[in-house]
C-alpha cells in the first residue's frame, strides 16, 4: 500500500502516518518528493487497509500495490494455466470447450432434441436452466427439480456433461446430483454466502461476471470459491452494462486476454445474453475465440420461435453444426486444439 | 407493446405478426406509416412478451408501453404516497427519517455510544451491520448473531428502531427477532429468492439500488417483495458505478424525484457509501434532502480512526448533532416535517 | 510517478528502470517489498511520462502521484477561492450566481420577454444560444449573428450580462462583441484548439463538463485556458452519461464538492439539460445549491410549448420567481450570500 | 413518432395532442389500450419533434420510430455495401484494409522506417499524426505542418496512401494536400462545424466514435458529412469509456456487426488506443477481424521504447509482418478477401 500525502502535509502528519503503519507491525518507507511525500507500507495488506488511513489528516489518497486476490492470480501458479477436466472433456490451456443448449429447460422433447444437436455437432457440454433468475416476478421461473431430472436424462442419453445454474444455497443438493459444472449467474456474482457454499461443493463452477463488475471483483468472487478449497473455477464474460442502447449488454472481449494475463483460470464467453439477437451470436463467438477464449457458452434451440425464454438469441439447431465449425477454425488460429473427446 | 416493423417489411410479414399476436388472445392494432408499420399489441404483457417477436422476420424491434411493475407504481395508489410507521416513527409523504449508526457492529461500547449519540441528536433509527457483504473473503465479515444481540441491547437502551442487513435467507429468523427494518444490500438487489422471502417476512424492507441497476430494475425488485403481500418497502439510492474514479460511486440524486414520480414508495439516500469520504457526506446529505428524499441513512462513529470498516466515511459522533440540524433545515424547505417522535 | 514492478521482476529489470529514470534527470527511489518493488520517480512529470515505462520488461503498471493540472488546482491558490466579477456581479467564494434564459435565441420578443423575467426575479445573468450544437444536421442550428445582435439588445435593455456559446474559433470575434461569459459546450470540452483560443480571449469562460469526462479531464481542459493567461474559468456540471434510460443524463452532484476540493475555480450546475423535464429542474436546482454549487445555469421560457428547442425542460417564466427564491434559500443554508447587485 | 399518454390521461388531453400533431401537417393515429393510449404521429420527423410534446399535459413519453439518420442507413443503399477506393486500395464489402503506422510523426527516420515496414508486410495505408489532441496542454502537440511534409515524403517513397488527423478547420487546407483519408478524432466526433467542413472537402473521412457516443450518435455525425455530399465515410470503433479500470477504454466489438447492420458504411477497429498495451493488440485485432470489421487501424513503431507518444501500445516493427498474416487469416474466415493491390 502506498499512502500519498497531500501537498503541504506537515512533518508531524507524516510522522503520525508512519507511526500508525508501524503500530500494526508493517514497515513504513517514505519517499519525499519536492511537492508530496509518498509512504510505502510494507506488510499485511488487510492490517494496513483496516487502519482507515484515508481519513487521516494530511493524507490525500491510498494506492494499493498488491492485487487483493492471491489464489486466483497468475503468480499463484507461477504462470502455469489451469486445465479442468469435466467428465473427460478438458477446458483451459490449449483446450477449447463449447457449452451449448437452451436458455431454459422447457420440456423433455425440447431438451433431448437440443442435446442430440449439440452432441452430434461436436459440442462438449449441455447447458440448460432449471432455476431462472428473472427480472420480473411475473415471468416463468423455471421447472426447478423437474428440470433437473430432464437434464439428468439428457446426460444419460448423450453422455454430455451438464452445466446448470443454482440461485439459492438451499437448492444446492439437488443441483449437485445432476450438474457437472455449477453455473453462478451474473446477478449472484457477489452473493458471498452462495460463493462460499460453492467453494465447499467440490464441483467446477462457471462464474459469470456481474453486469457492472470489474475484473478485480470477478477475481475476488473467484477467490471466495478458491479459498474454500475448490480449485475448479471457470470465469465467464457475458457483457457489461454501458450507455449503449442498441444492444442489451456490451460484450467486453478485452476481458478475455486481460483475465488470462491476471489469472490462471479458464475464461469462457457467453455471446448469447449480451447480444439478445441471433444474428450477432456468430460474429461475437468468432471474436471470442479470436481473442483467446477457452470456450463459449451459447444458446441453441430446435424451435426458437416457441422458446419460453430468450428464443430470439438462440442459434437455430439446424445451423449449429456450421456455427461450431467456424468457431473452431478461429480458435485453432488463436492456438487452441479442440476439446473433442 | 408496440412492434416496430423493418422498413420494407412485406405485407405477409406484417400479417404473420398480427396473427401471432391474436393467437395469444391479444388485439393487434397496426399503424401503417410511409416508411414503417408499427403494430400495437393490446392485451396481457407477459403473453405478448413470451411470443419472442424480436426474432421474427420483418420485425425491427419492440417497444414496451406499459411499465412492468404494477404494485410499486404511482398509479397503483392513484397518486397517494405510502407512509410507513417504524415503531412509532414515520417515513414517506411529509415525513423525513434519519437512520444513523456505524457501518458494522464492532463492540458493545461502540454500538451503545453511537446509539446514544444518534438518539440524543434526534435521529429516528439506528443502523448497524451484523452480517457484512465484503468484496474480499479475507476481510472482517461481521459479528453475526453476537452483533444482533448487541443491536437488541441498543434498542432496549435507547428505544431506537433497528435497521440491519440480511444476506442469506437462512439467517432471516434471527434477524427478524431484532430488526424493525430489514436492509437488503445493493449486491443482493436481484437475489430473487431472498426478495421473495422478505416479501413473506412481514417487516419493512430497506431495498438498496444495485450498483448498476436501472430505476426500473429497482422497482421490479420491490415488486418481488410487494407481490408476496409485504407493502412496506423503502427504496434506497446509494450510488451507481460510472467511469469517474475520483469517488467510489456516483450518487444519483436524480433518482430521488424520478422514483417519487414513478412510485408511491418512500425514497431514502445513503450518502456514506457513495462518497467513502467524510467531507462529502454533509453536502450530499443536504443535497439529498433538497432533492426531496424521504430520509437519509448515514454512518456515524464515536472513533472513526479505529473503526473496523469504513471509518473514513463516518460522520464524527461529536459533529452529528450539527449535521442533523442542517439536513432537517433543508428538508423543511423541500416540504418535510421532521419525523421526530 | 510510482513505477510498480511485477512480482518476480529481476534485479536487472529493476536496475534498468532506475537507469532510465535517471537518464532524464529524475531521481529514482525504490521500495523493495516482500512481493513487489515500487520505484518512485521524483522529477519532471512530463519527462518521466514520456519514457513510456509501461511497456518496459518487468514493469506492472505506473501510478501517477502528482495531479496533472497545476494552475487549476487548489494548491496553486493555497486554498483561496477564485471570485469572478462578471460586469459587477460576483460568482465564487460566498457568491452564488443564477444564470437563466432560453436554450436558444429564437426571436426578439422571446428573448426580451425572458430577459425581463430573469432580471425582475433577481437573476444575475442571461443565457441564450446563438450557435447551437445539434446532434442532427437536420435540426435548427441557431440564429448565429442575428442571435448575437438580439442578445446585445437584451443586455442594453436589462443590464444583464450575457452568457452565450461559441462552437468554432472562426466565430469568436462576433461572440466577443456581445458575451460577458463565453460558454464552451460539453461536446467541445476537449476541442483543444478552441480551448487555447479562449485562453487568449480575455473573457470569462463557462466550461461544461463533457458527457463522459472525468473531473481530472475537466480540470485539464480548464488548464488549457488558464495556461494562456485567462484566469476566469467557471466549471459546469451538466450531467454525465450512464446506463440509466429514465433520464437524458445523470446529474453528478458529487462533482460539486469534489471539484471545489480539487480546484479554486467556481462550480455551477446546469440542471436543465441533464433532466430534460421541467418537473425535475426544481429539485435538482435545490440539490445543486445544497451541495455547495456557486451557481446554477437554468433554462426558462415565456412559452415553453412553442419553444424551438428544449421547451419541455424550461422553467415557466411565471414560476421563475418562486423557483429562484427557493434556490436562494437553500444556497443560504449552504453558506452563500446572494450575488444580487 | 409514437406519443405514449399517461395512464388516466383524459379524452381532452388526448384530443389536444392529436390537434397539435395535425397542426403541423402530420397524421395522428391513436391506439386506445385498456390502460394507456398511444398516438402515432405520421409525417415529418423534425416537425413533430419540434412540437415539444414531452412537456404537454397527459403525455408520458415519446418513442421515436424512424431512425434519425437517412443517408448513413442500410436502407438508403437498399442493403448494398459501400466500397471505397483509397488510391487504388479498397475497403468495405469483401475488402479488408490494414492501416498502420506510428501514433505521432516524430522524425523523418522514424516515419520512413515505419512506412517501409508497413508496406513490406502488406499493409495498405500509412497512419501518423501531425496534429495531436492531447489531454494535457503540457504534452507534445505534434509536428504540425512539418509532420505533414514528412507524411508526403513517406507516401512518395512507398506509395502508401496517408491517413492523418485534422483537429481544426483552419488546418484543413494543408492536411488536404497530403491526406488520402482524413481522420476525425474521438474527441471531435461531435464538432459539428468541422464535420460540415469535412463533408465539403471531397476526401474520405475516417470518423472515430466518441468515447461515450452511442452508435446512433456516431451515425448522426456521419450524416453531417454525408449531407454535404461526401459519401466516403469510414466508421471507426476505438473503445468506449466504462467503469473498468484495468484498461484505458473498453473496445466494443459488438459495434462492428451492429454498425454493419444499421449502415452501409465500412467499419474499422482501432485496437491500439483502447488497449494502451502491446500484448492486447494482437488478440483484439484478431477479434475485430472475426467480428466482421472491414479493417484495422493499428500503431506500429520501429523503436517503441523511444516513441514520444503511446510507445507501449505500438506493435514492434519486427513483429508486424506476423501480426498482419494472422489478422488476414481470421479476416478470410470472416469472409474477406484482402485488399492487397
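By letter and in written order, the chains are A, B, C and D; residue numbering begins at 1 in each of them.
Simple rule for what comes next: a contact is a pair of C-beta atoms (placed from the backbone, for glycine too) under 8 Å apart; a residue touches a chain by one contact, two chains touch by 3 or more.
All values reported here derive from a predicted model rather than from experimental measurement.
A count of contacting C-beta pairs for C-D and for B-D identifies C-D as the more extensively joined pair. Greatest centre-to-centre distance from chain C is found for A, with centres as Cα means.
Mean C-alpha positions place chain B and chain D at a centre distance of 39 Å. Centre-to-centre separation between chain C and chain D, using Cα means, comes to 26 Å. Annotation for chain A: residues touching 2 or more other chains are 212, 241-243, 245. The touching residues of chain C, counted against chain B in their complex, run 212, 214-216, 240, 242-247, 250-258, 261-262, 274-275, 279-280, 283-284, 286-292, 326, 329-330, 333-334.
Chain A meets chain B in the complex at residues 46, 49-50, 52, 54-56, 68, 133-141, 167-170, 187-188, 190-193, 196, 211-212, 217, 220, 223-224, 227, 241, 276-278, 304-308, 310-313.
Residue ranges on chain D touching chain B, taken from their complex, read 2, 4, 7-8, 29, 31, 33-36, 38, 40, 42, 63, 65-66, 75, 212, 241-243, 245.
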